[in-house]
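Below are structures written as structure tokens.
Shared chain: subunit A. Partners: subunit B in the first complex, subunit C in the second.
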Partner chain A sequence: MSAAVTSRLTAAVCRQFQRVVTVSSYAQPQSATQAFSKLHLCQRSQTYDSWWFRSSVNNRALHTSCVRRGLEEFFDLPENWGEQTVKSGAPWTAKQLRVKSNEDLHKLWYVLLKEKNMLLTLEQEAKRQRLPMPSPERLKKVERSMKRLDTVVTEREDALRLLQTGQERGRPGEWRRNVFGKTFWYRFKEHPIPWYLNSRYKRRRFFEPSHVAPYTRLSLEKYLRSKIRKEKREKRSQERLATIFPKKTALA
Partner chain B sequence: MAKRIIYPLYQLGNPQLRIFRPTFNLTLVRPGKEQPPETVQFRIPMEMTKFDVRNYLEKIYSVPVAAVRTRIQYCTNKKRNHSNQRVKRPDYKVAYVQLAQQQTFQFPDIFPEKDKQHEEGSVEEMQEKFMEDERQRQKSDPRRGGVTEWFGL
Partner chain C sequence: MRLTALLSMAAKAAFPRDYRYGTNRPWTIAAQRLNPPGKTRRKVFVEPIANEDWHVLKGDTVEILSGKDKGKQGKVAQVFRRRSWVILEGLNTHYRYIGRSGDYRGTYIASEAPLLLKDVTLVDPTDRKPTDIEWRYTEEGERVRVSVRTGRIIPKPVFQRRDGIIPQQWKDGTKDTSPEDTLQKTYTTSLKTLEEEVMEKMNIWEDKSPRNSYWY
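Coming up: the complex of A and B.
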């Protein structure tokens, strides 16, 4: 784990320095120093983001040169072009992400988003050129990291909401019965008009008609029967094992 | 967001919708047909609009955008698999973004030919040598001057 951490750190840091060095010619002086001071905080490229979050600073009126400054981020570092494999570290785990602050997570989200965009462009170009994509596992790693980040953020949001309001869900809803007799969680939607003026909503019935009630009962009986059968099966297998391996021999 | 997410309803006077942590992914693609120098071609999720693309590029990538045009590419549902079921190739949306401030963009060559020098005594070097020998064996005798083996002697 520590080896993975250090390798990821070194990989991230090396990449950081390369990127920061290439772009420093465009960047403002204060954002470059800010970047270096924050280097120790985040395992993965927080330095990336301090200058990305500034507002778009192309104050020069006439700019005729071929600019890929922003669009360069859709591609990998030029040294990696044409390589068969590109080294990359392990994905972020939820445990590591829970330690980070909200600002760090927010910035990391955008870093991962840009990385994913870069990998998708690479994948598409590889398909176009009919060549194998170098290290396709990077995509899965980034996707997993983003998923875990999302879970951590939703955990925090849920906890905050529970503490502040006592609501378990962000989006209100209720249990309703549909036409087929099945009970389901109906999630409310925002409408500009009340429900009794909404003709399409009124056509959607949230009650079971009288002729469906016998089928609800039958499906309930089926479910109960299967549950009982499963319990009996478990009990029977346990008894059989108890006869084969009685407790007296186990204790002895 | 790109998932099945319901955005808050907008009525006059409501605050501007802000999206934190967008899940939209943009893919830069090489244009199939020749495009003007300031045009960049993207594949975007279906749910994105021109305004979304503009804000995305300006805020996240700080790329000045002059104009965005989109179209939806319908992909075939005609192909069939081994059990003769129709297989749909997913549709996608394409955005043509024109850069502001007279900037240009040329899609780079991401897969240049690189001469790899294998180190002495490595497995790859031996494999390369073996492949070279095989290829040499397959070639016909150059002394025949292109005449095939069918003509005896």
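Coming up: the complex of A and C.
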């Protein structure tokens, strides 16, 4: 599809440059779109991105076969095709993952990723056919395993970083006050130029203007009042429950 | 990041603070019919019981103390901690029609009504009489339910998984890792990050130095 789009774009560009440069016997875009519309699975014409690579002499369409390796990994094992339920084991727990080496975790991540891709393909195909997906809990198990793997890897990274540098966070940041007077944790971003050359960054205001200062105190008062109200509400509900359900002192 | 947070918020089922939870799961059509979005009902007060003090578990045998089926013993099918409810199999039933459409009035079935926790007690398995329960610690340090009257330990009921799998009778499939491989320890502590270790193992050499970047 993307090749068809680029071929249409190149055709548009060609039309622009027709007055300037003559591009002779140019049938490539047409043949490219036709090739895709015929939907030959493993035959495609070699299309280039930009028109200036196409010479006026060697302009015959070149056909190569697609790489056929590995597409079967997007699909389940053939014995599971057409089954209503597929048996699957328990997901990996964080405790089990913590005893594995980094190399094992790295390999496991890709195994889980390929399994997830296969299950997502299956889910999409089931939606297309308007049939129920066989055993959708497999997808949840894989996602949970991947999340736990990520947790274990971040734990190890955090430990190493704390040991070597003493930094609690992987990404630098600091407490800043925004234009509305609210203090928040500002997470730094990576830039190629320093801040004093970054005009867009200089326009951002990390201070509260003088007319906003009185509102900071008022919002703090509001927050404290709401906190006290919440505590009082909790206490009142506990007292009400104690009157409705009095604690039994002597067992009947 | 904000988009994913928004999507997760939309995916999570949100209910009002004074939503009255019933026997139907809140996302089912029956629950939506009973509790449509605009409806507010009078608040039900539930006796506050801490999670560790809860003594009735799913699968226990209990006896009913008050109500239509007073004195009968039954197995617990479902427990609702939020409302201190217990649903027993086949007891405290009322009858209703289910699956009616058009002229067909539907099947006549018995549906169980929930019982409050204070209306049921656990039954001592040895003499099959109702008792009061206390949480005590054994000599090994295990926390168990002990009947006050006889002093015997009431064992926890066998937990049956919802998908019907019995862990002792499980046979691994082609894509499952065997228990020995799962528990095998391959981790050695080292001062290398995952990326460095993997690059070493795969013989990837990175000679390029990263560009100077500014963090702010």
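Simple rule for what comes next: the second predicted complex is superposed on the first by the 158 of 252 C-alpha atoms of A that agree within 3 Å, B and C clash if a C-alpha of one lies under 4 Å from a C-alpha of the other, contacts with A are read in each partner's own complex, and residues count from 1 in each chain.
The rule is simple: a contact is a pair of C-beta atoms (placed from the backbone, for glycine too) under 8 Å apart; a residue touches a chain by one contact, two chains touch by 3 or more.
It should be emphasised that the depicted structure is a prediction, and the values quoted were computed from it without experimental measurement.
Peer 1: Should A:Glu83 be classified as contacting the first partner (subunit B), the second (subunit C), both, or neither?
Peer 2: first
Peer 1: What's your read, subunit B or subunit C touching more residues of subunit A?
Peer 2: Between subunit B and subunit C, the winner on subunit A residue contacts is B.
Peer 1: Of the two partner chains, subunit B (first) and subunit C (second), which one does A:Arg98 touch, if any: first, second, both, or neither?
Peer 2: In the superposition, A:Arg98 touches subunit C alone.
Peer 1: Please indicate which partner A:Leu241 is in contact with in the superposed arrangement: first for subunit B, second for subunit C, both, or neither.
Peer 2: second
Peer 1: In the superposed arrangement, which partner chain does A:Val153 touch: subunit B (first), subunit C (second), both, or neither?
Peer 2: both
Peer 1: So, does A:Lys189 touch the first partner subunit B, the second partner subunit C, both, or neither?
Peer 2: both
Peer 1: Let me check the overlay on chain A: which residues of subunit A are in contact with subunit B and also with subunit C?
Peer 2: Residues 106, 153, 189-192 of subunit A touch both subunit B and subunit C.
Peer 1: Which subunit B residues qualify as touching subunit A in the complex?
Peer 2: By the definition above, subunit B touches subunit A via 6, 8-9, 11, 20-23, 25-30, 40, 43, 57-58, 60-64, 99, 101-106, 108-114.
Peer 1: Quick one: which bits of subunit A touch subunit B in the complex? Just the residue numbers, please.
Peer 2: It is residues 52, 54-58, 60-71, 73-76, 81-83, 106, 109-110, 113-114, 116-117, 120-126, 128-129, 131, 146, 150, 153, 171, 189-192 of subunit A that touch subunit B.
Peer 1: Can you name the residues of subunit A that touch subunit C in the complex?
Peer 2: Per the stated touch rule, the residues are 77, 87-89, 92, 96, 98-106, 115, 137, 153, 156-157, 160, 163-164, 172, 188-195, 201, 238, 240-241, 244-245, 251.
Peer 1: Help me check something: in the complex, which residues belonging to subunit C touch subunit A?
Peer 2: 45, 47-48, 132, 148, 163, 170, 172-177, 182-188, 191-194, 197-198, 201, 211, 213-216
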